[in-house]
Amino acid sequence: MNPEEQVLDRIERARRRRPKVREERVTLAHGSGGKATRTLVEAIFLEAFRNPLLEPLEDAAALSVDGARLALTTDSFVVSPLFFPGGDIGDLAVNGTVNDLAVSGARPLYLTAGFILEEGFPIADLTRIVDSMRAAAQAAGVSVVTGDTKVVQRGKGDGCYVNTAGVGVIDRPGRLGAATVRPGDAVLVSGPVGAHGITIMLARGELDIEADLVSDTAPLHGLVAALLAAAPGVRVMRDATRGGVATVLNEVAGAAGVAVVVDERAVPVEPEVRGASELLGIDPLYVACEGRMVVFVDGAEADAALAAMRGHPLGERAALIGRVKDDPPGLVLLNTVFGGTRICDLLVGDPLPRIC
Amino acid sequence: MCLGIPGEVIEILADRPDLARVDVSGVKRAINIGLLAEEGVEPGDWVLIHVGFALSKIDEAEAKAAMEFLEGIGKAYEDEIAALRESRII
Amino acid sequence: MRFVDEFRNAETARALSAKIAALCEPGREYKFMEVCGGHTHTIYKHGLEDYLPENVTLVHGPGCPVCVIPMGRIDDAIHIARRPEVLMTSFGDMMRVPGSGGNFFDSNAEGTSIRMVYSPLDSLKIARQNPDRQVVFMAIGFETTAPSTAMTVLRAAKEGLENFSVFCNHIMIIPAIKAILDSPDLRLDGFIGPGHVSTVIGCRPYEFIARDYGKPLVVAGFEPLDILQSIYMLLLQLREGRAEVENQYARVVPWDGNPTALRAIGEVMELRPYFEWRGLGFISHSALRMRQRYAAFDAELLFETPGVRVADPKACQCGEVLKGVLKPWECKVFGTACTPETPIGTCMVSPEGACAAYYNFGRFTRTRVREASVT
Amino acid sequence: MNPEEQVLDRIERARRRRPKVREERVTLAHGSGGKATRTLVEAIFLEAFRNPLLEPLEDAAALSVDGARLALTTDSFVVSPLFFPGGDIGDLAVNGTVNDLAVSGARPLYLTAGFILEEGFPIADLTRIVDSMRAAAQAAGVSVVTGDTKVVQRGKGDGCYVNTAGVGVIDRPGRLGAATVRPGDAVLVSGPVGAHGITIMLARGELDIEADLVSDTAPLHGLVAALLAAAPGVRVMRDATRGGVATVLNEVAGAAGVAVVVDERAVPVEPEVRGASELLGIDPLYVACEGRMVVFVDGAEADAALAAMRGHPLGERAALIGRVKDDPPGLVLLNTVFGGTRICDLLVGDPLPRIC
Amino acid sequence: MRFVDEFRNAETARALSAKIAALCEPGREYKFMEVCGGHTHTIYKHGLEDYLPENVTLVHGPGCPVCVIPMGRIDDAIHIARRPEVLMTSFGDMMRVPGSGGNFFDSNAEGTSIRMVYSPLDSLKIARQNPDRQVVFMAIGFETTAPSTAMTVLRAAKEGLENFSVFCNHIMIIPAIKAILDSPDLRLDGFIGPGHVSTVIGCRPYEFIARDYGKPLVVAGFEPLDILQSIYMLLLQLREGRAEVENQYARVVPWDGNPTALRAIGEVMELRPYFEWRGLGFISHSALRMRQRYAAFDAELLFETPGVRVADPKACQCGEVLKGVLKPWECKVFGTACTPETPIGTCMVSPEGACAAYYNFGRFTRTRVREASVT
Amino acid sequence: MCLGIPGEVIEILADRPDLARVDVSGVKRAINIGLLAEEGVEPGDWVLIHVGFALSKIDEAEAKAAMEFLEGIGKAYEDEIAALRESRII
C-alpha cells in the first residue's frame, strides 16, 4: 500500500469502530437522518435495545407471531410547517408508515395514531389534519385502530406532532433486507427525487423562494405490489425519506458490505428541485422524498422491475440509477455527470430539519 | 461560500427598483440588483446570484466564445478519435 | 440549466483532458493551487482529478472563508449570541465551525438562537420582524460577499433600524495569496484564480503575481470545464514560457470588477490593521471592519467580546494544508480523529474545505475508482 | 315523573347527544383524560377514523391477522418531570404500553419506540431514559424492535417525549371488553390508587410538599396472567391511568350501559396520597396510577379473582371495591365513607396535567 | 386523618339522623341555608342529604367566592394577563370561570401565562424566580383568604420586590348574608354559618342575624358530621324557640376570630364603596381593595383594565340559585346548555358551586339512590 | 375555596420563625404561621391550613367535647337499636 492507501485503510478501520455520541447535548443534526442520527441510533438505542429483530435497522421489523409473519414500524412526524403544498402532517404520517411497511414487503393493514398537541392549537387545524389522515388511510387501505392524545403547555410543542405505528402482513415467502444485496444487483429509484424536502423548505417562507413544487408524499403499497409481482428478485426496498436517496444507498452499502455505484445522470430530478438546490448549495440526492423508494433488484430482473414500476402511476418516471459492485465495500460511488467519480457519503447534518 | 448561480431576470419589481425577480431553473426569488445599478438590469438579462444579490451580469458573447472554444476542442478530439478508429478498422 | 450544464459536458472534458496530457512534459511535476474553496468543492464534487494526468497536482488554497476563521472569533460570536436579547444570524456553513467550547449548533443546544440565513437581507427581515430582539449578522466571506453585507448595512441605515448589527469577519483574498507566495516551503507552478471574488475586484489585483513572482494565474469559473480549461491555459502559459493573468471566466468576470460593489465596501468598511487567519496566523491589512460612521451597526462595538486568541489544537495541521504544503490525507489526524462529524480543524467543516472535500468525495484511490463505473 | 326527575331525564338525553368540541383551540383539559379528552377523541378522532376495531375505544385494539389474534396499542408520554421517585419517562413508556396490552388480555411481545427530542437535551439524560426502557422491557419480557428519532428546535418540546406502540398476542379464547359487563359483576382494583399522579405532582417541586411517595409504575402482564388463570369470568380490565379509577369506572359504565356502585371505604389509598389529596382538594379516585388496574369480573368469581391478585406481588393489596347494577345506566355511584351515596362522574379537566 | 375521619363516621351519622328526624315536626318544611360553598361541596360529596328527612331542605348560599365573581373582573384579569411581561397566578378554581370571551384556560390557549398556585406565597416565589416578568396574583376569596394575601403583600414589601402585585377581588361574607336576608322572595329557617371565614372574623358578626332577623345560625365545621350536628342544633333552637348564634366548630373557630389576621387585612386593604357580585348585583361595602400605601402592589393601579360591567347571560339564573330561591335543577339551562364542561353561570364552575356540586354528585333521584348500594 | 385541612406542626424552621413544617397524613409542607404569631405555635400543635397559611390552632379539648357529644348520640342510638332488636327477637 502506498501512503495514501494506508491512510484510507486506517480511516475505514476508524469508521468501523463502535459509534459513540461525542456531544453532551442533542443538536438538530441528531434528527437530520445523516451521520449524527445514525450515531445516536446505534450508540444509544441499538446498544440498549439490541435484539435480532431490531438489529437490521430496516424500515420495519419483521416479526413472527403465532404463525403470522408481520411487519411493525413507527415514525413520529414533526414537520414544520404542518400544511404545505401537496400535503400536510396528516397524510405524511399515514403515508410514511404505510411506506415503511410496504417497502418491507408487507401489506399495510393497521395503524396507531398518537397526537401530541400544543395548548392553543386550533381545533380547525386538528380537524383538517385528521381528515387528511382519514383520506390517506382510505387511499392506502389501512385502518387507524387505536390512538392516544396528549396536550402539552404552550411553548412545549409546535402545534401538533403525530406518531404513527403500523402493522402489516408479509404474504410473500423469503426475506427482503439490505443484507441480501450482492454485486451485480441493479439500483432503481421510483421517480424524481427531492421534491418533498425542497417543498417543505420553501413552504417555510423564510427563503422567499417561489416554485411550482408540491410534496411527493404518496403511499407506495400499490407500486410495491406491482414491482414484487414482476420481479421476485427484489433484494431490498427503502423509501428515501430523511437524508434522501444518498442516505438509503449508504445504509444498504454498509449493511451489505458492497459498493454501490450510481450514475448521476440517471437520477431523475425535477428542474425546480434542481434550481432550488443549486441556489441553496445543496444536493438533491440528500433531499427527502416521502413517496419515492430505492429498489435493489437482481441485475437480471432490472428491466422487468423498471417496466413494472413505470406501469404504475407512482412509478412512471422510475429509473435505473446504478449497480452494485464488490469494491470498495461499504461505499457509495457516484459517476458524475461530468464523467468523474467520487464518494457519495452520509451527510453529517441535513440542511433541512423538520421535514417529516 | 462563494457559491454563485446564474439566473434569468424576469421582471424588475415595480415598487422596489433595487429588486428583480430572477428565475433559476423554474424557481423564482427576488434578488437585490443594487450592485448592478450602474450597468442597469433588464428582463431577459442573466445575472450571477450570490447570497441574494446579483454580483455581475453574464456576458452572453463571452459565454458563447468560451463554449465555441470548448466545443472546438471537443470536435477536434472527436475527429481524431474517429480517424483513429477508421485507421484501426482498415 | 443555462451557463451551467454546458460546462459539465463529459465529452468535452475528455477532449480537454487529452489536450492537457499532451501539454504536460513527461517527468515534470505540475502543482497548481486553486485559491478558492468553491473550486476545491467543484473539483471533488465532479471528480475532476480523474481527467488529470498523474503529474498534475491540485493544491487547495486558503480561499474558504469558513476554513480560515479563527476559533477566537467563533467564541466571540457565541459570547454575543448568549445575551438573551440577541438573535444571531449567519450562513449555514458557519454552524459547524468549532470554537474552543463548541460550535453554533452546540451553542444553540445550550440556549442561544443562532439562525441560518440565505442572505444578509434575510437578517434584516428578521430584525424588522423581531423589534424586541437585537439581530446580529455574523458576516463572513471574501470580497465576493462583503458588498452584500455593505448593501445590507446601507439599507438598515436608510430604514433607521435600531436592532440590527453586523459582527464583521470579512477578509481579503490578495493578502492571503501574498502570504502563501511568501511562505518558504512552497513550490507552485501557477494559480487558478478565484472567479467570484474577481467579479468584484476584477483581474488587475493579481498582476503582481505574474509580475513579481513569475507565476501564471487564470481566473476561473466554477463549473468543472471552467477549471479544466484554466488548467489547460496555465499549462499553455508554462509551455510558452509566459506568466500572465488570464481570464477564463470572462462571461462573468469583468476585467475591472464591479466598481459599485467596491464603493459599497469602501463606504461601510475599512481595513483592519491585522487579522488572524486560522492556520496562517496574523496577516496585516487582510480583513475589513465597520467604519466609525456605521458604529451603530457594529456588533463589535455594541457588545462586549472576550477577544481572546485561541491557539489551534496541537494536532491540527490546517495551516500546512491551507498553504498546500500537505495534502489533506497527510495530516496525522485526517479521517480518524478529524472527520466532518468531529472536525478538529476548520478545513474539515465547510464543504469547501480541502479536508472535508477530500474526505467526503475523494476518500479512495485512483485504482479503485477506475473499476467503479456503473456500466 | 316529578319535575326533578323530568330534568334529570332531559340531562341524560343531552349527555347522549353526539359529542362536539366547542372550544376553538386545544386546552390542557383536552389532554387530562376527563370529559374534554373524551369529547375530543369521540368528536374528532373516532368520527374521522370510525371502524369496528377502533370503535370500542379499549386500551388496545383486537386484530386478527393471518389467523393470529393480536392486540395493538399506542401511547405517547409527555410526563414532566422526566425523572421522578420510582421511575422515569422511560419505564413509564414501556410499562404503559405493556399494561394496555396486558389488560386487553394479550401477552405483550413487541414494542416500537419513537423519540421526539428537544435540541439541547442532555445525552446523559437520554441514555438514562433508554436504559430504564431497556430494564423495563426486560422485566416485561418484551423487545423493542423498531424505533424513530426526531429532534425539534429548542422551545418546541420539553426535553424528551416518547411514544411506544405495542403488539401482543391474545392466546385466550373469548373476548374481553367493557361491553361484556353485566349487572352482578364485581369490581376490583389491584392496589392502592393515585400514587403515580401525586408523586409526579410533588416531583415538580412547585408545591413544596414532601412525601415518602414513589410512583406505582409497574408492568401488569404477570398479574393479569395470574388473574385470568384463576378467574375465566373476567369481563374487562383497564389500567387506571389518566383520570384514575373513577374515569375507568365511568368508561365501563357508559360502554356497558350499567350502573357501577363503589364502596368508598373499600378503595385502598396510601395515607400520603390521601394527605396530599386533602391538602390540594383533589380526589384520589381521579388521580392517575401507572401500575394499577380495575377489573370487572363475574360476581361469582370475585373471591377467586381477589385471591389470585393478592397472590401476586403487584396485587397484594387488591380489593373488591364495588358491584355492577342495572340502574341508573351509565352512571357510577359512590357509597361514601359517611354512608351517603353520590354520583362519581367524569372530571371536566384533570388538576394534574402531564402525568404520563 | 385526625380531626377528619372521626367526623365522617356513618354510625354516628345514622344516630344523629334519627335525632334530627325526631326533632322535625311532621308537616312542617324546614329550609336552612349553608352560606359557604365548602359546605355545599361537603354535603354533595358525602351524600349528606341521604340522612335528612324529606321536609328538611338545604339551600345553597352565596359563599363560593368563585361563583360570585362577575364576568367583568375575569375580563379585566385576562386584559392584564395579555401584557407580554405579565405572568398571572391564581387558584385552580379560577381557571374555568367564564369571562365574556372565554376563561383563563382559553386565554392561555391564546397565549397568556396564567398559572395555578396553591398559595399566594407561591406567586411571590415565582416573582423572585422571574425577575424579568411582572407577576400578578389574582386574589379571590372571603375573609378566610384575605389575610394570606395581606401577609403575602407585607412580605413582598419587606423584600422590596418590584415585580409582584395583586389584582384584589376579596369579598366579605356579612354584606352577602345581609343581601340574602333582605331579598324579598326568601324564606329561610336558619343558617349554617361558614366555619373557616369565622376563624378570622369570629362569631360575633353574625349576631345581628339572630337579633334583627330572628334566625338561628350555627357556625359549622366542614366534615359531614359537623354539618349534620349543626342542622341538629338549628332544629333544636327552632324547637326550643331560640334564635341564637352557636358555634358547632369550636375546635377551630375562636368566638372572637383571629385578631392578627384581621389586623393584616386592615393594614393592607380597605373597603370598596361597592362591588358587583355575580347574580346578586352591586353590594355596597362588600369587598376589599388595596390601600393607597400599598399602591406599588396594586395591579389595578399598575395596569389599565377595561373595567366594563358585563351583563350575565340571559339564560343564567345563578342569582336565584345563590339566593336559594331556585334549586339548581330548576334553572332552565341546568344540565343541558349549562354543564361543568360548558358552564353558563359560575355556580357550575367551582366544585363548591351549587349547580356543579348537584350536577357532579347529586344528579339522580332519591328513589334510585336507595337501590344503589354496593351490598 | 375555603378549603382548610388540619395538620400537625413538626418543627418551626430555625431560619424562618414564621414558617413551620406541618404534617398532613405523612405529607409535609412548610406553612406560614405568621397569622398565629400572638398565640404562638409549637411542635405537636395542630393547626388549620388554608392556602399555605395556618389560620387557627385546633383546640383539642373542644374537639374532644364535640366527639363526646357525637359519640354519645351514637351510643344512645346503638343502645336503642339493640333494645329494639332484642324486643323483636323475643
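Letters A, B, C, D, E and F mark the chains as written, and numbering starts fresh at 1 in each.
Operating definition for what follows: a contact is a pair of C-beta atoms (placed from the backbone, for glycine too) under 8 Å apart; a residue touches a chain by one contact, two chains touch by 3 or more.
The model shown is predicted, which means the values in this text are computed figures rather than measured ones.
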(message) For chain C and chain D, which third chains touch each of them?
(response) A
(message) Moving step by step between touching chains, how few steps can get you from chain B to chain E?
(response) 2
(message) Since chain B and chain F are copies of the same chain sequence, what is the angle of the rotation superposing the Cα atoms of one on the other, rounded to the nearest 5°?
(response) 180
(request) Could you check if the interface between copies chain A and chain D is built from the same residues on both sides, meaning over half shared, or from different ones? (result) same
(request) Give the label of the chain whose average Cα location is farthest from that of chain C. (result) F
(request) Going by the contact definition up top, give me the pair of chains with the most C-beta pairs touching. (result) A-D
(request) Could you give the separation in Å between the centres of chain D and chain F, each centre being the mean of its C-alpha atoms? (result) 35
(request) Would you mind pulling out the distance in Å between where the CA atoms of chain A average out and where those of chain F do? (result) 65
(request) For chain B, write out the residues touching at least two other chains, lowest number first. (result) 3, 5, 24-25
(message) At least two partner chains per residue is the criterion; list those residues in chain A.
(response) 23-29, 119-120, 207-208, 271, 274-275, 278, 281
(request) Please set out, as single numbers or ranges, the residues of chain E touching at least two other chains. (result) 1, 4, 9, 14, 108-110, 118, 122, 225
(message) If we use the touch criterion from the header, which chain pairs count as touching?
(response) A-B, A-C, A-D, A-E, B-C, C-D, D-E, D-F, E-F
(message) Under the stated contact criterion, what part of chain A meets chain C in this complex?
(response) 2-5, 7-8, 10-11, 14, 22-29, 35-36, 39, 206-208, 259, 261-263, 266, 271, 274-275, 278, 280-281, 322-323, 325, 327-328, 331, 333-345, 348-349, 351
(request) Mind listing the chain B positions that touch chain C in their complex? (result) 1-6, 8, 24-25, 32, 34-38, 46, 48, 50-53, 55-56, 58-60, 62-63, 65-67, 69-71, 73-74, 76-78, 80
(request) Note which residues of chain A are touching chain B in the complex, please. (result) 207-212, 271-272, 274-276, 278-279, 281
(message) For the complex, give me every residue of chain C touching chain D.
(response) 108-111, 113
(message) Quick check: in the complex, which residue numbers of chain C touch chain B?
(response) 1-4, 6-7, 9, 11-12, 14-16, 18-19, 36-38, 63-66, 91, 93, 118-122, 140-142, 144-145, 147-148, 151, 194-197, 199-200, 222, 225, 229, 248, 250-254, 258-261, 264, 350, 352
